[in-house]
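The following blocks contain the structures, represented as structure tokens.
The same subunit A turns up in both complexes below, where it pairs with subunit B and then with subunit C.
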Partner chain A sequence: MELKIGDRSNALKDHGRVMREHFGIRTTGEQYVIALAGNPNVGKSTVFNALTGLHQHTGNWPGKTVDNAQGTYTYRNKSFLLVDLPGTYSLLAHSVEEEIARDFICFGHPDATIVVLDATSLERNLNLALQVMEISSKVIVCVNLIDEARKKKLSINFIELQKELGVPIVPTAARNGEGLQELQNAVYTMAVEKKKTRPKQVVYSEEVERAICTLLPKLEKLDLARVVNPKWLALRLLDSDISFIETIGRYAATQNQKIVAMPQQGSKITL
Partner chain B sequence: MTILPVPLSTLQPGEKSKVIQLDVKGLLRRRILDLGIVPGTVLTCIGKAPAGDPIAYLVRDTVIALRSEDASLIYIDSAAR
Partner chain C sequence: MSTLTPIDPLLKIYSDTESIRLSSGTPLADRVVTDIFAYTEKLAKQVVLREDTVQCSWKDKIDKIVISRVFGYPLMLLLLGTVFWLTIAGANVPSEMIASVLFAFQDVLTQWFQLAQAPAWLHGVLVLGMYRTLAWVTAVMLPPMAIFFPLFTILEDLGYLPRVAFNLDNMFKKAHACGKQCLTMCMGFGCNAAGIVSARIIDSPRERLIAILTNNFVPCNGRFPTLIAITSIFMTSALAFSQSLLAAGMITLLVLLGVAVTFAVSWTLSKTILKGEPSSLVLELPPYRRPKFGAVFYRSLIDRTIFVLRRALVVAAPAGGLTWILANVYIGDVSVIAYIASVLDPLAKAIGLDGFILMAFILGLPANEIVIPILLMSYLATGQLTEFGSLFELKKVLLANGWTWLTAFNTMLFALLHWPCATTLLSMYKETGSKRWTFMGFIIPTALAFTVCFIIAQTAYLLGLA
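Now for the complex of A and B:
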């Protein structure tokens, strides 16, 4: 192990690179990685295509028969790598697609995650947005299909929604290119300028919150907690989410020497 | 008026009711919750397959088909139809 204690930010960067390669994603130099999540049929791929144009390539997620599309675009002289995640309703129900989406948001170190929502059925779509916001604070909510919503005479109060959720909200109609400039701008602000957000967190019953509080001090010591929200880790443990615990174990193993067992306080995952 | 929970599978096409309780366990429960079916959600039965299974429901502006075996584990308010 060559890492010095004072070398943490570099180590984190390195960690990010290694993890991305694990997902079959290679970045070149100063490239920002942006994940694109959303329910099925919300126009996620339309957003993806509208942003990346022909600069994309498709394949599979390593070891999984699930399509993986990546594309690049340049905005204000910065290069962004957009990763189209499989469409899911949730990140908790263990289909292969959901595991890929979850693992990438947790361990793939995206510099921002765009959650695409269907403006015509926000109520159902917000479930996924809240779940992603529990994992990461680097979330941008893209409310797509606003042209459809207009046709259905739905009006959405985006200012109030943004206040309520605590993350940037961008209304788009990707089909006509509407709002894409604003979306790129929001991504830039988050990924490049590192603007912080305060995503609304779900408050659970008193019993659950108490249990989380018991676990938190231990989880916060883990290096993993700098990448994944420790409260979310606590919830998965309480959920006895075996598949996720196994995933942590697997990632810890690939990272062991590099980050999970970094010299600081001798913290180490023992699950 | 007392609330009498009856299985969702008894809801006939065109009828509408409110979810009271979910007896579904494990991963299917998670899935059903993710689809927006939680206590208090209003469901409308919009049609049955020729053999009576699966059954299509309108949930939060989205049509979802459930096996009647799974729908029988979701309880609705019989009075609210």
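Now for the complex of A and C:
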């Protein structure tokens, strides 16, 4: 007898809890975990403060958020735990911050990840959003600092952007509280109502896509799909990111123990 | 079916991929990144409409000046000097006002104690010890902080700090340290303990240690009042414009000296016990943003000024009481404080200070803010002067106790270079997790302070200058 899907997702849920604790995050009962990612200095902490009402230090220099700050807020009678990840330009793990952010989005199973972008330099910021979308489909893109973009006479076609990315886009000016209601709403829709998104993926050059195609069948045999997006894993293999490969191995190992540890009577576990 | 953990097959695939990775001309990892960039570029072009690019170019023009080779350094000096000048010039009047109000209240308190027929020792410990120290700390510290912190916060919010880091990056590289150390150094101006915690932004452990060990060489706000008080007392006899300018120049020079020492010590460390090459720094210059008045006000006054003042007061009250007791308990016919001072005196004289000053620095270990108040307490408790009306009369107190220009100068140098306060040492221990490095963080500045002051004092004595 195969392990039922429901059991697996239960195990996964349980595992999410363990991993969250590993990241120093404790949720109380029915609480949704929302990760907040973004490039340094895009007003991530301002968004965090505006949502949680906390006074996490904000300042106009990159890198001042060194810890994972956490805060809670309530929206429509649901409690949300917001985790402010360190600001990073990418998730390719060239630094400790990137590793923390990547591992949390990948293994912490947040109910939604808000990626905060700077409206005045979308091109560079979209980078991170696309990388997060490769890992998780539960992504909300918050285009912050639209007040500055307006001042710079930049106009952004948000409808087009949403169509191109396939995830909800919320324009905000967190300093003035603009768009925060919509952001909370988007988080609610994704985390509580479990509305699905269809994130569009980066189309790589032929050479890379071909390499991915040769790797995918092998990876799919490992049945890691519930742990990590196989395409993303293939990309990391091509990156020769050995530290991440090891993390995956460790994670998968603990998760297997988790499943083995609570087999139902007479059930056979297929891995 | 297999019960194997997937780690082994995954690693096998990983080694299999080696051939794919090597087969292509350009490394595939680079291709992946290039592809993402190309994709985002296309996407951004599609959705962003730039109506007018000329509009925002004034910011680039400012940057051409702010981070230029020619104007970068002079502008930094000018800004630093201006901040100090505004602080010194602006703090004098409110300092005196606060002092006169608080000391007038001391007389009221004394009357109440007399009415209640309280014992003299109780009045001594509570009023002459604790209250008077609290009054001094408030009068000496509050006004400079209430001016300095908002100014500093405005510069921070404007986005000037990363530009300073950009300007100084080359210097740090020459010292074989990380350019981000500049940001931790700037944080140190607020509080060295905060500066040390902020060293977490430095990735390389070697460079982080260097940043932690040298953070103490920029004067924190606990030591600024000491520097400002002594410069104002010794350089400004009146509120003349030129005098306060001179004082600001003096403080700027001292801060520059502290920065120079930071470079020198960083360089020495990376050539000796912390060998290594400097890592490169990718620093994004954030856009200039207009500081939000409310945020600046809240952070500089509530988060910083009040926080620091409260910390100082918490330490100052017991320290003031203790000092009063030490000054009024006698062994034979010498008070304990005078006895300790006389023991320290030979060592202190050799470095151009006196026993009381050195003792004040030692008692000031919990918080540097209380050094000057303790010093005055011990002078006043043993000397003839017991009351004074204004801060300018402090000069009389100091002169009566044999202060010369050398004493003033070396006290400032010692304040700049000496051991970190207890909170800072504790942060060092927490951040490094090592008693050895914490000890290094203590001994390096201490040794340096004694050496520098010794050389200056001996040179001055030898040349008959003091």
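Here are some notes:
Everything that follows uses one rule, which is that the second predicted complex is superposed on the first by the 226 of 271 C-alpha atoms of A that agree within 3 Å, B and C clash if a C-alpha of one lies under 4 Å from a C-alpha of the other, contacts with A are read in each partner's own complex, and residues count from 1 in each chain.
We adopt the following convention: a residue touches a chain if its C-beta (ideal position, glycine included) is under 8 Å from a C-beta of that chain, and two chains touch if they have at least 3 such contacts.
Quick caveat, the model's predicted, so the values are computed rather than measured.
Of the two partners subunit B and subunit C, more residues of subunit A are touched by C. In the overlay built on the shared chain, the residue A:127 is in contact with subunit B and with subunit C. Residue contacts after overlaying the shared chain place A:92 against subunit B and subunit C alike. By the touch criterion defined above, A:203 reaches subunit C but does not reach subunit B. With both structures placed on the common chain, the touch criterion links A:249 to subunit C but leaves subunit B unconnected. Residue contacts after overlaying the shared chain place A:235 against subunit C, while subunit B stays out of touching range. On subunit A, the patch touched by subunit B and the patch touched by subunit C overlap at residues 90, 92, 120, 123-124, 127. Those residues of subunit B that touch subunit A in the complex are listed here as 27, 30-31, 34-36, 59-62. Across the complex, subunit A meets subunit B through its residues 89-90, 92-94, 120-121, 123-124, 127.
Against subunit A, the residues of subunit C that register as touching in their complex are 1-7, 9-11, 13-14, 16-18, 20-21, 24, 28-29, 31-37, 39-41, 43-52, 55-56, 156-159, 161-162, 165, 180, 183, 197-198, 200-201, 203, 283-284, 286-287, 289, 292, 295, 298-299, 303.
Chain contact summary for the complex, subunit A toward subunit C: residues 39-41, 55, 57-64, 66, 90, 92, 95-96, 120, 122-124, 126-127, 130-131, 148, 151-158, 160-161, 164-165, 175, 202-205, 207-208, 211, 214-215, 218-219, 221-224, 235, 237-240, 242, 245-246, 248-250, 252-253, 256, 270-271.
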